[in-house]
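Pasting in a structure now, in structure tokens, and then I'll have a few things to ask.
Residue numbering begins at 1 within each chain, and the chains themselves are lettered A, B, C, D, E, F, G, H, I and J in the order written.
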Amino acid sequence: MISSREQVTQMILAAKVARGLKWSQVAEAVGLSKEWTTAACLGQMTLDKAQAEVVGGLFGLPDEAVAWLQIVPYKGSLPTAIPTDPLIYRWYELVNVYGTTIKELIHEEFGDGIMSAIDFSMDIQRQPDPKGDRVNVVLSGKFLPYKTY
Amino acid sequence: MISSREQVTQMILAAKVARGLKWSQVAEAVGLSKEWTTAACLGQMTLDKAQAEVVGGLFGLPDEAVAWLQIVPYKGSLPTAIPTDPLIYRWYELVNVYGTTIKELIHEEFGDGIMSAIDFSMDIQRQPDPKGDRVNVVLSGKFLPYKTY
Amino acid sequence: MISSREQVTQMILAAKVARGLKWSQVAEAVGLSKEWTTAACLGQMTLDKAQAEVVGGLFGLPDEAVAWLQIVPYKGSLPTAIPTDPLIYRWYELVNVYGTTIKELIHEEFGDGIMSAIDFSMDIQRQPDPKGDRVNVVLSGKFLPYKTY
Amino acid sequence: MISSREQVTQMILAAKVARGLKWSQVAEAVGLSKEWTTAACLGQMTLDKAQAEVVGGLFGLPDEAVAWLQIVPYKGSLPTAIPTDPLIYRWYELVNVYGTTIKELIHEEFGDGIMSAIDFSMDIQRQPDPKGDRVNVVLSGKFLPYKTY
Amino acid sequence: MISSREQVTQMILAAKVARGLKWSQVAEAVGLSKEWTTAACLGQMTLDKAQAEVVGGLFGLPDEAVAWLQIVPYKGSLPTAIPTDPLIYRWYELVNVYGTTIKELIHEEFGDGIMSAIDFSMDIQRQPDPKGDRVNVVLSGKFLPYKTY
Amino acid sequence: MISSREQVTQMILAAKVARGLKWSQVAEAVGLSKEWTTAACLGQMTLDKAQAEVVGGLFGLPDEAVAWLQIVPYKGSLPTAIPTDPLIYRWYELVNVYGTTIKELIHEEFGDGIMSAIDFSMDIQRQPDPKGDRVNVVLSGKFLPYKTY
Amino acid sequence: MISSREQVTQMILAAKVARGLKWSQVAEAVGLSKEWTTAACLGQMTLDKAQAEVVGGLFGLPDEAVAWLQIVPYKGSLPTAIPTDPLIYRWYELVNVYGTTIKELIHEEFGDGIMSAIDFSMDIQRQPDPKGDRVNVVLSGKFLPYKTY
Amino acid sequence: MISSREQVTQMILAAKVARGLKWSQVAEAVGLSKEWTTAACLGQMTLDKAQAEVVGGLFGLPDEAVAWLQIVPYKGSLPTAIPTDPLIYRWYELVNVYGTTIKELIHEEFGDGIMSAIDFSMDIQRQPDPKGDRVNVVLSGKFLPYKTY
Amino acid sequence: MISSREQVTQMILAAKVARGLKWSQVAEAVGLSKEWTTAACLGQMTLDKAQAEVVGGLFGLPDEAVAWLQIVPYKGSLPTAIPTDPLIYRWYELVNVYGTTIKELIHEEFGDGIMSAIDFSMDIQRQPDPKGDRVNVVLSGKFLPYKTY
Amino acid sequence: MISSREQVTQMILAAKVARGLKWSQVAEAVGLSKEWTTAACLGQMTLDKAQAEVVGGLFGLPDEAVAWLQIVPYKGSLPTAIPTDPLIYRWYELVNVYGTTIKELIHEEFGDGIMSAIDFSMDIQRQPDPKGDRVNVVLSGKFLPYKTY
């Protein structure tokens, strides 16, 4: 009996290795971006019935797991508040080093408010470069102004 | 007597309010991007002599402060490990929710390694949108493969 | 020289005691709700020029402080992640005890997404009750659905 | 053998997905609000015998689980002190940003004391709005004055 | 200019040593228990005008400090979440070792609810004992049942 | 094979629900106070052979569990340093709010030293009260003076 | 105006360097062990009037500081829960590595209870050794059995 | 299959209760002090082949466990950084209260360096005392001077 | 079914003890340094197909585990942020005590930037010494200058 | 009046910027390595009288500061347990990622024990490399075997 989405994520990770699947293949089958699809498979997004069945088919999941994919998960993918994994830590470091800079510049352009992490999309691409290829990431979030009342 | 870069950052913040300066003006005067320049003024980057003198002039800093701007600072701009400010927290949340996704996709494309936070640049722009303007951020970091030895 | 909004908040708190002002009086003078106005005076919201001048006048603040009130503050009003003050702790406790319940019910009604803390308002009222008056709080936050992309 | 309420919560969550139940249906069967009933099913409230049997019937729980539902649980529904889930975090953020405001305004109206989290009720409703529907939450807690002795 | 209750507590502690006062004397002058009076002087309770003036007179406080004594303080008297002082730690240890026992026994007697820390009084007395005098503490808190709704 | 006292506590909790026992019944059978007996059953005290056999009989424990009850346990009954359960948190809050008060008053009466948490007893009683029954708790701990050497 | 014992400790440390005093000299003047005397000077023990005056004389402290030495201090000498200083960390490491061993052996010899940290003395000596002198520390604490009631 | 030393420690603890062994008996059989032997059995020291076989024989361990006893363990015996168990906490308290004192006195006698926790031994004995027996602990650690280079 | 690299690390550790293998033997078979090979076996590096098969053969791993060895792992090998194991703690201590020194000297030589932990190698050797053999470690990391943009 | 070594470190840092000194110059004047000398100036090592006077002369320190340089400092140079500065964090990351590897390899070569952080030296050099110069660091620590007793 499955009692948490985390168990489904474990099943997907195990099946991905066993079946040698790639996230880009999964995304193509689901018909959405590789970023959203991967996040969904890793337990951070909610799939609709059709999407869940595609994912279930690819990874060979039981019906119960397919049902769980359609339940809104408890989000947060990291085992510690400050991530130990070097790739993920670099992102934490960017937030730490550039945090006040990002804040100042968004406020200078838009006034008080935030960049949404919900009405949000992310695109990760390889950018060829003779001095070494680069990871190019575009983040797009709706600006939400603080309401005055 | 100034004994830390943080004191210089305080001076800059006080002068910025008193003089009504904008970060984009400072960046223009320094001749670099608004992202790098703001981070430098907030104590996260090291300025060369010419840059430090421009910043010192704009903010009316004493010579000792101008000297400190040329010293590599102890980096990290946040008062707590998990930021309380909503704008900055949203970025922490992105790292937390999308952390494993970013990791999976960069590894799928590049293999084991990281996206550099040092050979790195950031560009923040307003993206007009009829449903509400968006914050568009481009992050570019060199991919650094793990060395095998 | 003022180098942070926190110093302005200290000035306001000191003046409020010295002058015997009430938050409701401040709100009336500013022309907005007591909830928003108090949060603004406590360093959590940004005032426009007119609002800042009213607040500056009521509390006898220097011009530099009035300028700081118009700068977007670094938000977060609590000295520790888990608040020690009993009144504020009860709210933390509500989030802790009812957190998963709130999540389940909002998702059941709206699907995946969040209740905005930015496009948000709060109204606190006394609700007379023969068994002991009650604090009645209405929270209103726009529902923001997670974007699929 | 069941040795904690948490195991019963796991059973309920698993059965809810398997049987496709809604919290509002459970609440209707129990005859109480959806807020209290959901909190109870999620291990935060104590059910009486009749309520426990209704819940046990709906979710197909064994007798031992029904007995556990009638035992006062160790409360607290979150895996970390600062919640990572975005929906729940927004509530933590409200407490953090508005914490001192709530404190000031309740004290201004009532004097020293707290808003009870025990003699408390919560009502979550959809509030239709042309600019996007809102989540409307009414919190009602008895004011408890500090005793002088 | 005084901008927090904590500064008043510092003044009281300094004056107490300088003037050689005892808490029991302060309590007698205030006309309340030594427990409540001491907590109030240490920044945990709110005094009314008459009480504040008595305390101000005994400790030679300025008018501004007397005004602050009448403002509801941000409560919590300990510098760390787990107290390092041995006397106070023993109380933390009691909560840690006996916490679940206290919970079980109050629930067995009263059902689900809490012992109030607001409608609460405490009395600390020396209990002579030939094997070594004991500290006898009586805690009295109103039982507050969880509301069903 | 049982390898920790915690497993025995789990067995007792499971059997208590299954058999519908009350702590007061267990205490009566053991012949000691309900406070000590409950703490012992919850893994915080050490039972002698006779006591362990009584407890083993009541809860239907295997011999190995009865042997474990006679082993001094690793004490501490709470899953987090700051308890999330509201009833137990109120006690933590008392220590936090009244901590320095308790310290001052015990020192004023006894000089430097502590109130023992080892040579200690606790008694929890219902105190009828027309305005709502109260929980009355008497704590008695030997005063231990700091040794000078 | 002195408002905490910590300020007195700062004065003593500053004067000790300025005057080139040794703890053993202070202990001799006070007439107690170097361990107790040093702890007292570092803000961890309470001095009587005669002791405080001797210490005040040696370090040239003002009368107010001498009065503070006679007030029971808030104890705990370390700036972080896990000490960073290598000498002190080694002691923390001993507690961490040998903690369960110490527990097992004291319980094997004495039954359930603790070794007092209050009715306690410590003696630190150089133990000459051809392979390198050793630090020899004798700790003596009264065994306090857990009370059954 | 055993994959960590901790599993072996669990086996030993379970067998110790089942077989009614004492640490002093184990130490005698191993031919070393009770302090070292207990620490070794609790997963903090490495046994040689002969010692491991003696321990394996006494506790009835399988060959695989005997092999693990000869592997250097990951040390640290406490489940939390600040121990909750009262007996072990008293030792943490000693380090906290006396930490700076120990540091000052060792430096006064030896200069800069540390007392080794590796070239270290500990001896725990009962010290009869008419006012209550005492726990007498002798710690002996080689002094290691900081190297200048 | 294997759902994390950690399970593979457990298998390797168990097999290493059971088969009596040495890391240097594994490294020789893999054809890389003992440092990289050990880190890889402990779940910190990614193996290619040939390497994974060699490791799988030596430790008798199932095919699924061999597949997992070729997946980039979530890195970080320590159970706590501050390591309790004395050998590893000494390294943490070096970073803590020498952290600012390392920073100053690298910046003095190279300017602003970091020493890479990715384009990095480590070599650990025994250095015979009549006063006691030494551990000699050579760390080599590419200097990465902060980019100005 | 100087009451802590940290104040002296602040003076040195301020003077270093004002006077434009380099650590290598200071080391040359002191006659020791740049690593030890820098650590000493940053408050982590103890200077003898001659060394302190050289340092005092170079930085223009008052006599009282020169006296403090000869007092053993409370060590630890980082403001947070996990360093935020990217250069220092990379070292923390090395300990985290390679921690268990270092442990395994030192134990494989030397048996149980540690690499000393006290009888220790460090040498940081630029290593020219056509693909980008490298930071080469040699760490040398005496191996200290665990004592059996």
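Operating definition for what follows: a residue touches a chain if its C-beta (ideal position, glycine included) is under 8 Å from a C-beta of that chain, and two chains touch if they have at least 3 such contacts.
Given the structure is predicted, the values throughout are model-derived calculations rather than measurements.
Looking for a copy of the E-G interface in H-I, H-J or E-F, one arrives at H-I, which has over half of the same contact pairs by residue number. Annotation: the chain H:chain I pair of sequence copies touches via predominantly different residues, less than half of the used numbers being shared. Centroids of chain F and chain H (each the mean of its C-alpha atoms) stand 28 Å apart.
Chain D and chain E have Cα centroids separated by 31 Å. Averaged C-alpha coordinates put the centre of chain E at 41 Å from the centre of chain H.
Shown for chain B are the residues in touch with two or more other chains, namely 35, 74-76, 78, 81-86, 93, 96-97, 100, 103, 107, 113-114, 116-118, 120, 144.
The set of touching chain pairs reads A-B, A-C, A-D, A-I, A-J, B-C, B-D, B-I, B-J, C-D, C-E, C-F, D-E, D-F, E-F, E-G, E-H, F-G, F-H, G-H, G-I, G-J, H-I, H-J, I-J, using the touch definition from the header. Of all the residues in chain D, the ones that touch chain F in their complex are 1-4, 64, 67-68, 71, 74-76, 78, 81, 117-118. Listing the residues of chain B that touch chain D in their complex gives 82, 84, 86, 89, 93, 96-97.
For chain C in complex with chain A, the residues that touch the partner chain are 32-33, 35-36, 45-46, 72, 74, 100, 103, 107, 111-114, 116, 118-121, 144-149.
Residues 22-24, 34-35, 38-39, 42, 44, 75-78, 81-83, 85-88, 90-110, 113-117, 120, 122, 124, 126-127, 129, 131-144 of chain H are the ones touching chain G in the complex. Partner chain A is touched in their complex by these residues of chain D: 10-11, 13-14, 17-18, 20, 79-80, 82-86.
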